[in-house]
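A, B, C and D label the chains in the order they appear, each numbered from 1.
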């Protein structure tokens, strides 16, 4: 059988995705079969987790290939509607090779609280340096929060506008979770962990000393 | 020896229950030997965890069979009083094949806080879609909270009334914990994780911005 | 070489203690080499963890034998000062075979907050039934909080007075942690988990709705 | 090939560092490839984790050697800028053999809240005894909080001043994390765990009963 993508590369990417997914699932960031994770295969294809699988027990059989429009390639499986947000990022950002979407408690609660103002501002954290392009804790970092919708075209258009405005490595969707990406799986994972950490600190400031946290807007 | 149920099916169900129970115990949702888990065997029998065992060290020897009235079958063991709530759901809901009852911190605290109003309302969460029958985050989801009692007949009668009112995949008991169920072990587990996640988010909204959380009533 | 205790029994108890200790350490209840755990060997001897060892990497070499006065038996090791509180319970309560002392975050914070009133009251929790002698959630359960001191004789005298007043399966020491015990290692562990769980719920009620929590006194 | 340090000792120290780092990473104290850990090799050399590696998947290949000025020895790798704070402690404190620097949620939030006053005071905790030189919970323990800067010389000068004032086993940097050290890897780890625990308790007192916590200043 012949494939429009490199099957050996798929095998390697699928293995990386399975290991990454199990690690993130073990932290409780993928509750109730939510979340999806992908890696670019080539200009026209990406490998992505099949929707609805238990992320803590994922195997390489739970990875499928989609094309640049998010349609299944050489598979009977129906990819998740959210696949469109992954392929949108690969089309728009040629340097990006990995997109991670999780639903952690912290991401969800923060998205609810900051949706009104449309963004979370981070200031004074050393870990701002973990986001590509920041070399000092003095930088300010902004994570946009988009309104939730089941219409992926609307969401993708809003992300377009954000990307037009400057470098961006993640966004929250209200009541839903976080998208984070990077040039490699390691970088995407570092960005995901940094956003999760920074959001967790802001939520705790809101619990203890709200005047020191990013304004709810 | 002959059994009134399929012993090979019991073996398979027991293995599934043991794996599921150990996973949930590792998350701390079964403190102090609490909680019980069951799967339907046939119209008249279910497999259920033996009461009082450490759920983190469960083996298939800790699974017993009960009949439709919750009595032990081919076993000297005394099933937990709460077995009645499991078999009640199997009798009433023919499509249901798995019932999970846990005592997590989040479930217990939420049940205490929302018992007065008799319910928790969830709105605006993507994870509402994890509960069968919901296809958008715009749905509102209600989780009933029943008063606690040691009288299982009273509890079962209250659940009857709730089931008469429409589709239901879980309920809380005040100061006690959560019952969640599904057509398969995977679906029951997805429902359990979704309710736990949604309750955890509501508790955090109560800590940070109470006016945004489901009203305590 | 001959021993004043049964060396095979010691071997078995040491193995049980090592497994139990590693489980509790993995939950973070034994920070910074704190905490100690013991089991009765006979009327005059108990096996206890050696002071100052990392509880997450314990082996049976880290278990020593002490006599009824808390002195090392057939060992050059110096037992912890807190050994006296273990042997005190074995002397006073002949049915008790296991004593567990942990320093969890929840136990420590609760002990600080409730030290003023000298006790925590638990009401309306199903898990009250996990403490021996309670058969309904309608029972009220009291956990005493003693002032901290480095003088173990003073502490033991206060525990004497508490035990004179009625059945007791645990106490907190201010800023320090919890002692819990039982007729078996399983029962002691169940009591420990139940107290930890109930204290965790009360702390969360204090964070969210203080008027519903046990009064700080 | 000959080395200016003992290669067998390096092998042993690297193994200790890898095990320690993986343990701390599993607790979530090293988010987004942050944190670094070192052990002294001799008067002029230390082994230290290579910057930017995922601390949860560290191997001995991720350990490098630096000299007393923090420069790479027999390696092409560029050590982290923060290496200077490690070697500074080894130069100044001859008895110290291990330095640990982590970025936990608790350390970061506490550093933000207490930066204004420049210190956290701990009183009334049994775990104060886990810090070398304290034999009773009645002692008061102070953990300094330094302003964050990317200029390591400034930070090192401030630490000098703190060390001149008396015994010290750790400090926080605002928005950044904790440095803790000890005469052995075990002692450094005990100090790290004790500071993390004590900070966690203080943050919870701030959430529940701020008047009982160390003053924010």
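In this text, contacts are C-beta pairs under 8 Å (C-beta built on N, C-alpha and C of every residue); 3 or more make two chains touch, one makes a residue touch a chain.
In this text, all values refer to a predicted model and were calculated from it rather than measured experimentally.
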item: Chain C and chain B - chains in contact with each; value: none
item: Fitted rotation between chain A and its twin chain D in degrees, CA, nearest 5; value: 90
item: Numbering shared by both copies at the chain B-chain A contact, with half separating same from different; value: different
item: Chain centre separation (chain A, chain B; CA means) in Å; value: 31
item: Centre-of-Cα separation between chain D and chain B, whole angstrom; value: 44
item: Sites on chain B at which at least two other chains make contact; value: 207
item: Parts of chain C lying in touch with chain B, wherever the complex brings them together; value: 23, 27, 124-127, 130, 135-138, 186, 189-191, 193-194, 196-197, 200-201, 204-205, 207-209, 212
item: Contact footprint of chain A on chain D as seen in their complex; value: 28, 31-34, 54, 56, 103, 105, 108-109, 112-113, 148, 150, 173-177, 203, 206-207, 216
